[in-house]
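Everything below concerns the one structure shown next.
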Amino acid sequence: MSFHETNLLSVTKKQFIYKLQANLGILISLMIIQLLALLLSTAGVSSMSVGTNLTIINLKIISGDIIIVFTLIWAFIVGYNTAGNAYRLDYHFVTNRLSSNLASGCFLLLTSLLAGITATFCGVLLRVLLYFWRDLLTTKGLSMAPALLMKGSYVTVLYACLLSALGYFYGMLAQRNKALTVLIPVLFFGSLFAAAKDTRAAQLFRQVLVFYFSESSLALFTLKIVLTVALLFITIILFTNRMEVRK
Amino acid sequence: MHCIESKNLSKTFDKIKAVHDLSFTIEENKITGLVGRNGAGKTTLLKLIAGYLLPTTGEINVFGRNPFNNLQVAANLIFIDDQLALPENLSLEETLAAVGQFYPNWQAELARALLDYFSLQPRQYYANLSKGMKSSFNMIIGIAARCPLTIFDEPTVGMDAAVRKDFYRALLKDFMQYPRTIIFSSHLLSEIEELLDDLLLIKAGEKYLHLPLDELRNYAVGLTGRESIIRKMTGQEQVLFQQKLGRDSIYLVARNTFDQQTLQQARLQGVEISPVATDDLCIYLTAQHKGGIDDVFSRN
Amino acid sequence: MIALLPLLTLLPAILIFLVLGKTRVSFRRTRFVFTVYLVFLLLCTGAAFITAAAVETESALNKEITEIDPETSAGEFYAALSEGRVAQLPEVEKNGYWSFTYPGQELSITTAEGEHFEPSIVIERKDINDETIEVTSYTSSLKFKGNYLVSPPTVRRRGEKYLELTNGTSNVVTTYIFADDWTMQQFSADRRFPDYHWKLHSLLGEQAVVIRVPKDLQVEVGRGFHVVSLINSDS
């Protein structure tokens, strides 16, 4: 009987491939969600009107914003589900908590990559669709320079990583304590409503949003995202390491 | 070399001692049966061995290491029970390939051949299988993985008798080709008896006995005959089970501490001496009452 | 609007949960479908580039929008108008012409009751008394879908002495423009949401009506007009 020595890297790799195979279906849901968002976007993301007494121009503004938002929500949910799966299913095969978390992280990285790129290019699809389907005042913005597409993809990928990591974190917390499953959404949506009012909590919430969304330097933004994601994962790794397997 | 070594192992859930002060060793390359009543702590013990649970006190070593959260141990161990969660979107053959990559000793052709033999379609989906077929598939994985430590926890749930017999045979044959340490927990002791080298009997979370199977067969003896004679022969501590057969006669199971002479004498006095089936023996050993369920009905 | 936001985020969340939960697609088909999707998106991007390249060279529309400077074009228009040379401006087109025989001595120019006539008017005296009044309407509005954004006015004779000018029909035009995704805008200062408001207004251009009257005709302009100039006149 031979006892096999193994190492963290090879196990993590195997787990990553396994997760990829077992969860491939989420890519279909990504596609569906993006096409749905595309459909919703054809009514215009926002609109403005301009005119005189004689003529009014109703302008509907088309952009890929809705597609991106839907994709980010998808990324969050995928993160949440991955945490649930990692906790409930990984232990059947070769794993320890660390390799499970690392493999999940790599998996989420890959899904974020795909999500970010497809979201941006789905926006192109949206514009092409509208070009052939509606009369446009101008075709400016129909074709975006490759550099811009890449930049948009890159940024969306980073946001997706952030959302996935948050979802994963939330999912792991929920495995630890079922009560949190309810508590956190209540807090979150509650604070959204509170954000309309000018309370301290709302201020804090707004500051957090500004931290990410108003960053205008790409390098700094990358740094912020990377640090946040790393922090989330390190926290998860530390506190799941002594968790037993529950049925 | 001990494959598994346990010292004063205890596991408590919410003040209930599932496993209490358990000490034993399991040698490598033997098939050990794990038996006990429902709730005796068998599954808890197996999960402690597999590193799924953390002991409350005491220690457990698998391959000389603590199995909890341990990558080296996990790479050489497989735990098959009826809770095996497999991906929903992969067909059976795709699942085998996906699972097989974890195990360096994985036997793909053997798995495929077993799949065919047990009439499982490679393109089927696990979720569509009946309970028995799922158990079959789980066992195929357990056998084909050829892990140095293979644990089966009631793996034959839902299987019919013919399929079970085939699996025992398959397990034994593969074991002979490629020996490994196997722990097999089952209620159907009579069926798996031939498979086992050793038996570990757990009662109320504690080790009751741990013996090779041939010793177990001679552990106790069944005496049928007149009550007065049998009572004289046996001390109260020896009695494992007794059952009134008629006005005067009883069937009594006692520990076999008799020498040949005593037994011969008993035969001459009309006492029938019979071996005790191991599964019956285990029932008697783990019983709460010496009289069995009949006592409930003969309270007067 | 704030209240709608959580609702909007919940809807796709619910949808995703439903889709992820119920259906089970086989591994091979999943791979296939998603690959097709990726290829499709890529082809679309190619199509977008080709289309945009083909269109940009041809479309005067695109050029105009990017090159309009709202302030200067309005100024030029009115300068030209007061100097009588508006017809010569390159972006100005004639979008209406009326000619009336008018033997009378006096003319009253009116518009509909209580309304303000949008185009500016210029009254130009001819050198001769030919008893004809010519009215020309000019616009620098852009054409969209074959029609001018601003409809031409109607000019009618009413009764003996009146020339009635009324505003054209009102138009409501609904159209679409593209803006960059927020992820792109966040990091490019120069691609922040373009200031279309100004530019769009200038697309409507300026309107004017030039009325050429016989030399000695007495003209009285009613209320509701914006008179730019009287050319060749004494007063």
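Order as written gives the chain letters A, B and C; numbering starts at 1 within each chain.
We adopt the following convention: a residue touches a chain if its C-beta (ideal position, glycine included) is under 8 Å from a C-beta of that chain, and two chains touch if they have at least 3 such contacts.
Remember, it's a predicted structure, so these values are computed and weren't measured experimentally.
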Graph class of chain-chain contacts, one of line, ring, star, complete, other: complete
B-C or A-B - the one linked by more C-beta pairs in contact: A-B
Approximate Å spacing (C-alpha centroids) for the pair chain A, chain C: 41
Chain A and chain B: spacing of chain centres that average the CA atoms, whole Å: 48
Gap in Å, rounded to a whole number, between the CA centres of chain C and chain B: 87
Sequence positions of chain C contacting 2 or more other chains: 24-25, 27, 30
For chain B, residues that touch 2 or more chains besides their own: 89-90, 94
Junction residues of chain A, two or more chains touched: 21, 24-25
Interfacial residue positions of chain A with respect to chain C in the complex: 21, 24-29, 31-33, 36-37, 44-45, 48, 50-65, 68-70, 73-74, 77, 81, 118, 120-125, 127-128, 130-131, 134-144, 148-149, 151-152, 155-156, 159, 189, 192-193, 195-196, 213-218, 221
In the complex with chain C, residue positions of chain B that touch it: 88-91, 94, 125, 127
List of chain C residues in touch with chain A within their complex: 2-3, 5-6, 8-9, 12-13, 15-17, 19-20, 23-25, 27, 30-31, 33-34, 37-38, 40-42, 44-45, 47-49, 51-53, 55-56, 59, 61-62, 65-66, 116, 118, 144-145, 149-151, 167-168, 170-184, 186-189, 191, 196-197, 200-201, 203-204
Contact set on chain A toward chain B in their complex: 1-8, 11, 14, 17-18, 21-25, 88-89, 91-99, 241-242, 244-245, 247
Sites on chain B touched by chain A in the complex: 28-29, 47, 52-54, 63, 69-72, 74-76, 78-79, 83-85, 87, 89-90, 94, 98-99, 101-105, 148, 179-181
